[in-house]
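For reference, chains read A, B, C and D in written order, and residue numbers begin at 1 within each chain.
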Amino acid sequence: MVSISNPYKPNIAALRKITTENNANDIKTFEVVFEDPDLAGSFRYTPGQFGMISYFGAGECPIGIASSPTDEGFLEFTIKKVGTVTTALHNCSEGDRIGIRGPYGNGWPIEAMEGRNVVLVGGGFAFTTLRSLAKYILHDDNRGRFGDLTVIYGARNPGELIYKYDLEDWEKRDDINLIVTVDKGDSGWTGKEGYVPTILKEAAPSSKDAIAAICGPPIMIRFSIPVMTELGFSPSDILLSLEMRMKCGIGKCGRCNVGSKFVCLDGPVFTHEELQGLPKEY
Amino acid sequence: MEQGSVSKKPAVVEEWEPRIIAFLCNWCSYAGADLAGISRIQYPPNIRVVRVPCSSRVSPYFIIKSLQRGWDGVLVSGCHPGECHYISGNLIARRRFAVLKDMLEYIGVEPDRVNFSWISAAEGERFSKLVREVVEKVKALGPAHRLVKGE
Amino acid sequence: MEGLGNSIKEAAERLLNEGDVDLVIGYERGTTPLRSTPCFIRDSGDVDRLIWDPTCDANLAKYLIGQDAKIGVFVKGCDARSAVVCIAEGQIDRDKVVLIGLPCSGVVDRKKIDSVLDGREILDATVDEEKITVRGEDFEEELPTKNFLCDSCLSCRHRTPTVYDIMIGDTPTEEPDTDEYAEVDELESMTAEERWAHFVEELSSCIRCYSCRNVCPMCYCKECFVDETMPAWFGKTNDLSDTMIYHIVRSLHLAGRCVDCGACSRSCPMGIDLRTLLKKGEKIVKERFSFEAGMDVEEKPVMSVFKQEDSEEFVI
Amino acid sequence: MKIKIVDKKEVPALIDRLIERYRVFAPVDAGKYARLMEVASGSEACLELQNPKLSSKEILFPQTEIILRIKKGEEGLETEEPSENDKDWVLFGVHPCDAKGLVLTDKFFASGDYKDKPYMDKRGKTSIVGLACNHPRATCFCASVGGSPFGKEGIDILLVDLGEEYLIEILTERGERMIEGVHGLRDASDDDMARAEKMSEEAEKALQTDLPIEGLSERLEGMFEDPLWDKVHLKCVGCGVCSYLCPTCWCFDIIDEETSTGVERIRLWDTCQFTQFTLQGSGFNPRPSGKERMRQRIMHKFCYFPKEYGVLACTGCGRCVRECPVNQDIRETIKEIMSV
């Protein structure tokens, strides 16, 4: 009987660095290194994929990989404190051990984006995998393979903006058109104010030879898609990353089943066109 | 101890000591326990105290979870009826504890495992006697098995 | 019985036609022998589907929880008491419900009938208050209905709904002879070890399907304590300790609220007798606080009030 | 294809032979119903009873199963998989609808890049001795969903009850290996085989096959927004009876439990009928009420799964029809769908 590998067995990893991302400090980025050195080298992933993060004793949860494949030797996961596992992770300190399974899911379609202008629209802390994609595109080895890069990122208020250090770097670069907005500013805020869909309409990125990726709370997605369509983006050129309850990550436990698809296997990235063919249950 | 020589050390049979969780209401029973301590009144060290604002804060979940986790005995103590800091907390709790105690006994959990009492802030002496009594009763029952997970 | 059939349909038809209710919930013939099934009628033209006989065993008060339409619902004595408890606990708006009382003399227990047929399958059956006729591939037998009623019905003290707006037929009178706490008393006479062994044996076949919880009108929590994760009080697997605790805590939650309608035991696919557990809760509350569930809409739930003279002999 | 005969009174001895080389699970009389359990001796098995309360799924995909143990050792964490490297298994007396259920379970758990190891390890060493249904029940509808009371799919050895003896039909090479250690079986005569054939026809006839399955999947494809779904779920109370008893419901949950020696990662049955199945951390639930959940169960079994695997995810065993507390009859639901 051929012995098959156990897809439920996580790899042990250590928390090397934990940085708090927002003022409410319920969103932290965990920099993680595999204990098994050659695994660190062989863990191949593309932006938009996710891992199943284990805190032993609390359970597992699916978290998008926030680091870019161009970052050597470590992974980053940005996690909001919501449930049992995420709370346990937030109580961790550097050096603690967790488990990681993956990478799972299809990730953003890099080939489909090559040679075209890319528009990334993110909201709230769902910006993680878009950040991974943006860092990947901006990396010296890859920048040439893509056209103009427009990133529109919004959060409820300035305190909720994450990856501020990346945003500062991107502001200085001339090969990325970064637009950051907040629903409601505060005294120290000098940037744009307004919901992401309205700012998107204002920025009006051209749809000519362009592809767009949207990732954020359902309400932001619902109001951004019509704007995209108005700007001339065809349904097959609007990419979305779905957020579903997941337990196995490998298309067996049935939770993320939408129509005949499993969001963890066939997604989480779908084109708007594909989603129109699926039942509205996501 | 090499294989050859076997010295006859007296087999110290460590006598089994029950572990008892005690939910003490902050205003009366906890103060009573404190008084026992201040007045240097001795009582068995088997209890571990959980301070609760009122005996009515103790839900059946706390008691059943303690039994499931393998505590050998549970003691819940609050203010005497009429003296509750929150006026009627212990009176509401009294009905809840009555139903719980009868139900656990009906299921087959030994009655002496779960004990309820009223101890006022001035009854340090009585608290120590209560603890001694509960420890004796639970020790007589032996280690807990029923409802314990993984038994 | 036939007369009742028509008055049931007429009552439903009038309520729907006069717009007193938007929906009538009743019973219709099931798809397998000896089964009835709940039915939801909005169009008065469909009232012919409505039936009433000793197979109508679902507690329809369950379907009143969380509804905002005006509903007419057929209730037996126990179902009406369930509705009263839910009204007293603010889960059902009394003004939005028309309770149509049914003259119940007990519902049949299919498991009791199966146990005397030793495996032979019933292909067709007719039931009335006197006898049950069951027909199979090569047999036909007549069974006296009274010997195959549910345990709850054998000792039922409240055949007449305690609260109703319309009563179908005349209110049943005869009082049952069996003592309602016979099984509980028998268990109480056993030793603690024997009782523990009884409940371990009975509850160890539970597969945590939660049909007992989901058919019960009193179980309307948005999130049941077994589903809670922060904190996760008790385990969700069918580990014996967690399973027994699920049933014990549920019986605590039902003490003074359960009306002994028997729906939980009837729904259990593994044939577990939950009644001897829940009946103890009812007995405790009756003896200690002289309270009986579902008798009076105005009366406050028993575990949310207290009396100075509540018994405390158990306090050491 | 070799066909043997064994006297009924020899069957316990036959099972004892198997117990010497295999762990044998057979239907046992559990008082109120039959249940598939491990037997220590052939005499415990009882083949006269109807289909067991739960399907054979409960042996290979048990309700609760530890899939990982995590020890907090000195030099950090070690993960360890529980492996039952014991004897091979035999499921004895499995009715064709349950055997077909296992075939569908294999198809699902073995599909894609990630194989479900806990299930596959057990399934890989398990042989199935099927028991044909001479008297299908009124609630059985295997013939309407591509099965049959004498179906052989997924079965290594098929037993047919001829009255005083069982006809033994060895169908696969696993079946051969099982029968190796067993002697005293005489070859079946033509008359035996003819009797078996007649019984098969009678059983087939006894089954009512008026269920309109033809074109059901295609019809369901366009019916996601159909108002039918507002009515069909009204009486369902959302319990787990139909899913837990069903041979083709495989959804599960994974939780961690702490023990004295470390952490156990446990897989346990779950169902799309429960309220929290798709509830997200944000509080959003794509299937908030019974309507969406019942629609999902019907669509998955009769539309989504067939689209992906080309076969219905229902074997017609009738357990959900018999055991539903409110008599929600899936056959009626199918008829309503086809008559819309």
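Side notes on the structure shown:
What we mean here is this: a residue touches a chain if its C-beta (ideal position, glycine included) is under 8 Å from a C-beta of that chain, and two chains touch if they have at least 3 such contacts.
Quick caveat: nothing in here was measured; it's all calculated off a predicted structure.
Comparing chain pairs A-D and A-C by the number of C-beta pairs in contact, the larger count belongs to A-D.
Chain C has its Cα centroid 50 Å from the Cα centroid of chain A. Note: centroid distance chain B to chain D, computed from Cα atoms, is 48 Å.
Separating the CA-averaged centres of chain A and chain D is a span of 39 Å.
Counting only residues that touch two or more partner chains, chain C has 235, 239. Annotation for chain B: residues 150 touch two or more other chains.
Shared interface positions of chain D, defined as residues touching 2 or more other chains, are 253, 255. Interface note: chains touch in the pairs A-C, A-D, B-C, C-D.
Residues of chain B that touch chain C in their complex: 60-61, 64-65, 68, 81-82, 88, 91-92, 94-111, 115-118, 130, 133-134, 146-151.
Listed in rising order, the residues of chain D touching chain A in the complex are 67-68, 70, 72, 76-77, 79, 81, 108-109, 112-118, 120-121, 124-125, 224, 250-256, 258, 262-263, 265, 267, 270, 272, 277-282, 284, 286-287, 292, 296, 299-300, 303-305, 307-308. On the chain A side of its complex with chain C, the touching residues are 83-84, 87.
Listed in rising order, the residues of chain C touching chain A in the complex are 229-230, 232. Chain contact summary for the complex, chain D toward chain C: residues 30, 32-33, 48-50, 53-54, 63-64, 135, 137-139, 231, 234-235, 237-241, 244-245, 253, 255, 257, 266, 268-269, 274-276, 321-323, 325-329, 331-332.
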